[in-house]
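What follows is a single structure, and I will ask about it in a moment.
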Amino acid sequence: MVAFVVRRLLWMVVVLFAISILVFLIFFATPGVDPARQMAGRNPSAETIKSIKHEFGLDRSLPVRYGLMMKHMFISRDLISYGSHTRVIPEIVHAAPVTLSLVFGAAVIWIVFSILTGVAAAVLRGTIFDPFLMILALIGISIPVFWLGEVVNLVTQSRFHDTFLFSWVPPLGYTSLTEDPFMWFKQLFFPWLTLSILYIGFYARVLRANLIETESEDYVRTARAKGLSERRVLFRHTLRTSMITFVSLFGLDFAVLVGGGALLTEVVFGLPGVGLLTYNSLTSLDLPVIMTTVVYAAFFITLASALVDLVYAWLDPRVRLA
Amino acid sequence: MAVFEPEAEGIVLDAEETGGDIVGRSPWALAGRRLVRNKLALGALALFVLIVAVSFAAPLYANHVADTNPFESNISGTVTIDGKTVDVLQQGGGKLGLGETPIGPTWRSQYFLGADNQGRDVAARVLYGGRASLEIGIGSAVFASVVALIFALVAGFFGGWTDAIISRLMDLIWAFPLYLLAISLATVLLTSPNGLTISFVHVSADSLWIPLVIIGFVYVPYIYRPIRGQVLSLREKEFVEAGIAQGASNLRLIFGEVLPNVASTVIVLMPLMIATTILTESALSYLSIGVQPPKASWGTIIQDGQELLYTRPWVAIAPGIMIVLTVLALNILGDGLRDALDPRSKVRVKA
Amino acid sequence: MAEPLLEVKDLKVSFRTEDGIVRAVDGISFTVAEGEVVGIVGESGSGKSVTMMSVMRLITDPNAIYEGEILYKGRNLMGLSQDAMREVRGEEVAMIFQDPMTSLNPVYNIGWQIEEQLNEHYDLKKGQARRRAIELLAQVGIPKPEQRIDDYPHQFSGGMRQRAMIALALSCNPDLLIADEPTTALDVTIQAQILELIKNLKRDFGSAVVLITHDLGVVADIADRILVMYAGRIVEEGDKEQVFYDPQHPYTWGLLGSIARLDRPRTRRLTAIAGQPPSLINRPRGCSFRPRCPQAFDRCSVEDPALTSKVGGGHLDACHLSVEDKRARRDATINPELAESA
């Protein structure tokens, strides 16, 4: 067990570094790309470019630059953004709660509704409800989340804003939970719904498919032969095994979102989270921020995949006691 | 009567004797039959084909129906509706009423869905945008499949170091959060306004190849994994061993035995892949790092429509509806294909 | 004559499929007396499993159609509500399956799974269920049951797993145990042990057993009566001596001929029954075994033979040949070398 944890931690560190190097190379070693020129703005003169290069240490060799950046990021923790000229780490710390609020709320909604929908569809197989629910789920995964957000905004902020249904919806933005919990909730309500629709659709389908597959397993037949009630067979036998896949997938998706994957939702609803920060840094070639957000995201993802393996072992004794 | 002879050959049965046919049908024929019976999947296929046809007929629409060039600004243009001449961009928009608002849907052949901020015919742009989105969507899915297939065949078949290296590489690419990788590559490759030059290859800045290759690249590991797994298990199967016993060369085995079996996996995956790539492309284009102006795609039009969202919502809504319909059709088709090829799906059968 | 424990009356089970209606079970009737061991023998597709799965009403296929009656202690199981049927399952009629590895839930330990069944049917106090489970594991011959009760299915060997399944099935003292190919997935040496265990069940638990298998050799020792099924029907029925020493149906001869025996004068290949089972969708006219039957004559293609007693003593068969003819051809068919040397 300890060996497993140690091994995973080491692998995590390896992957983090590999990803950071890869990103570094993409931005600085791709032929035909010159970040100094990019940062210099329109029609820069040769001197401008040169002075930018020097200012940001871009005229040093690649490994040195990479080394310096890592040092500033982890050791002295005073990495400065190219764009805002402020420290990067506080920027991320400031953005993190926004993303966490968004993702946690959406996750709660999507877990509850996808389990309800998936189980309902599997149990109601053969009736009209099963295909109906599945078409709904299909529609859910077919909608681009940013477009859905725009439509939601159109309805709640503009077209129906004056009706009793949506008059309570505040302008787009984020208020911290500690500052004003009601405002926090009201501003996050529709972002939560929008973000979760895609995932409800996906997970409901996955769960239903898993349930149906598990239904035909021999041990479910045995459970019925034991005279157990259908409800017990469903929850204790069929669902229990199907949840293993559900949990593994959830862990990874959640981690990606926490690390900044919800950027489209953040953009559309004006939430200053990690995703938005990542996106802005990527497009303005603000390398320190890019590197930090990438490492931040990769950290969560590798952590999540290690956790998922652990949970898998906990849920499946065949893995635990192999 | 003949004594039961232990060495006798199997008794030959003709159809009458067995009382009916136990005719062997290939799995493809069975799947085809099941697919044809699935009305929903067929409907989805028809819808998809319709959307493709309509999008590729965009020039016809632009030239003959709407009489417009949707890539040219038309800020001071006019249009005739019911005999009256109307400015395409009208006074009185924005917060203080001092800006300009494009006309809304006319529901006629010109400016059917209205105009955008540049006075361009939205309906025509949506059709052209469809062409770009579909070209990239289908192209990147095919690109990803071909690349993944080659690598998977090589890695799965030859094993050893080849497999280890390729698989580790794929793991690394896949460990990268998708959006990060896509955005990074797109940002980097789109920086120069003069286009991209990599050794002898030069493409213009608005070439559709850039997003196509980026999106295709990002999804290679997704297709690579299941195919490699399949190749590995097929390699152990008897018919491959039989082929080796017959003295078949590696290449022959790959193309003759392994590839046809893997093909069905790829085919089932295709509609779903295309659905995914279309969504990815629209997201990148919305963020302005996908398709570049002057070209348009559904995603870029949604971006165009953002400023006009509360005044002229159709600019943003129409391309979104197209995306939803296309992706939905592809998802239904993908499900249908999967069900057709998977014999275990138990559905209520009509007596 | 006491009322039979189980009485199947003209049971027909069909399935709607894309290709037509598959008649998996085409009108079979039989009884099982209390404490009796009945062997149902047949190849894959003969309908033997479907028959007993229908007794337990475990078939979940929505395309299944049933006709006929299944009377258990006088009650028609086909007419029971789901709740009533659930009480029957496990408590009155229990079933064990072919592959114990996949038939036991891998994420729960053996004790939990046995206790689950006990708690479902009985109102037990804390600890009572666990003690009973340990007792059961001991009764089926699992050593150190108080330790092994917390083990997971994958930690048992194949034979032990099947014993655990049997313990599970017997936990509520059912009067009828159905064993569907219980030894097929096991090694030959373990097979013998499991069969011995089943044989003793009658003695220790008083349950009747229906043993389903494709291998006549398996039932040779422990069955009281044997039913031979082919293409959804019973083609021969009798007690053990009758079927083994005076088999009346050519299919049974084929099955007997394909058993490896130690007393053959010289080594030869095992006899296989040539051909394939018939389509269950379009039944051929006449006897369904005719295409594979070396004894077939003209009457066989025209008239479907009924399952009747030609030889007497409760021994039934479905073949047009006269008893003399059968006996004459039988030895030549099953043991040609013995016939030659005669």
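The letters A, B and C name the chains in turn, as written, and every chain counts its residues from 1.
Note that in this section a contact is a pair of C-beta atoms (placed from the backbone, for glycine too) under 8 Å apart; a residue touches a chain by one contact, two chains touch by 3 or more.
Please read all numbers here as calculations on a predicted model, not as lab measurements.
Farthest from chain B, judged by the mean position of CA atoms in each chain, is C. Highest C-beta contact pair count among chain pairs: A-B. In whole angstrom, the spacing between the mean C-alpha positions of chain A and chain B is 24. Chain centres here are Cα averages; for chain B and chain C they lie 52 Å apart. Note on chain placement: the centre of chain A and the centre of chain C lie 54 Å apart, centres being C-alpha means.
For chain B, the set of residues touching two or more other chains reads 348. Shared contact sites, meaning residues of chain A that touch two or more other chains, fall at 126. In chain C, the positions touching at least two other chains are 62. Residues of chain B touching chain A in their complex: 172, 175-180, 183-185, 187-189, 191-192, 196-198, 275, 279, 282-283, 286-289, 299, 302, 305-306, 309-310, 313, 316-317, 320, 323-324, 327-328, 331-332, 335, 344, 348. Per the touch definition, chain A reaches chain C in the complex via residues 126, 215, 217-219, 221-230, 232, 236-237, 240-241, 315-318, 321.
Against chain A, the residues of chain C that register as touching in their complex are 56, 58, 60, 62, 82, 86-91, 94-95, 97, 99, 102-107, 109, 116-117, 120-121, 152, 154-155, 165, 168-169. By the touch criterion stated above, chain A contacts chain B in their complex at residues 15, 18-19, 22-23, 26-27, 30-34, 38, 126, 138-139, 141-147, 150-151, 153-154, 157-159, 216, 256, 259-261, 263-264, 267, 278-279, 282-283, 285, 290, 294, 297-298, 301-302.
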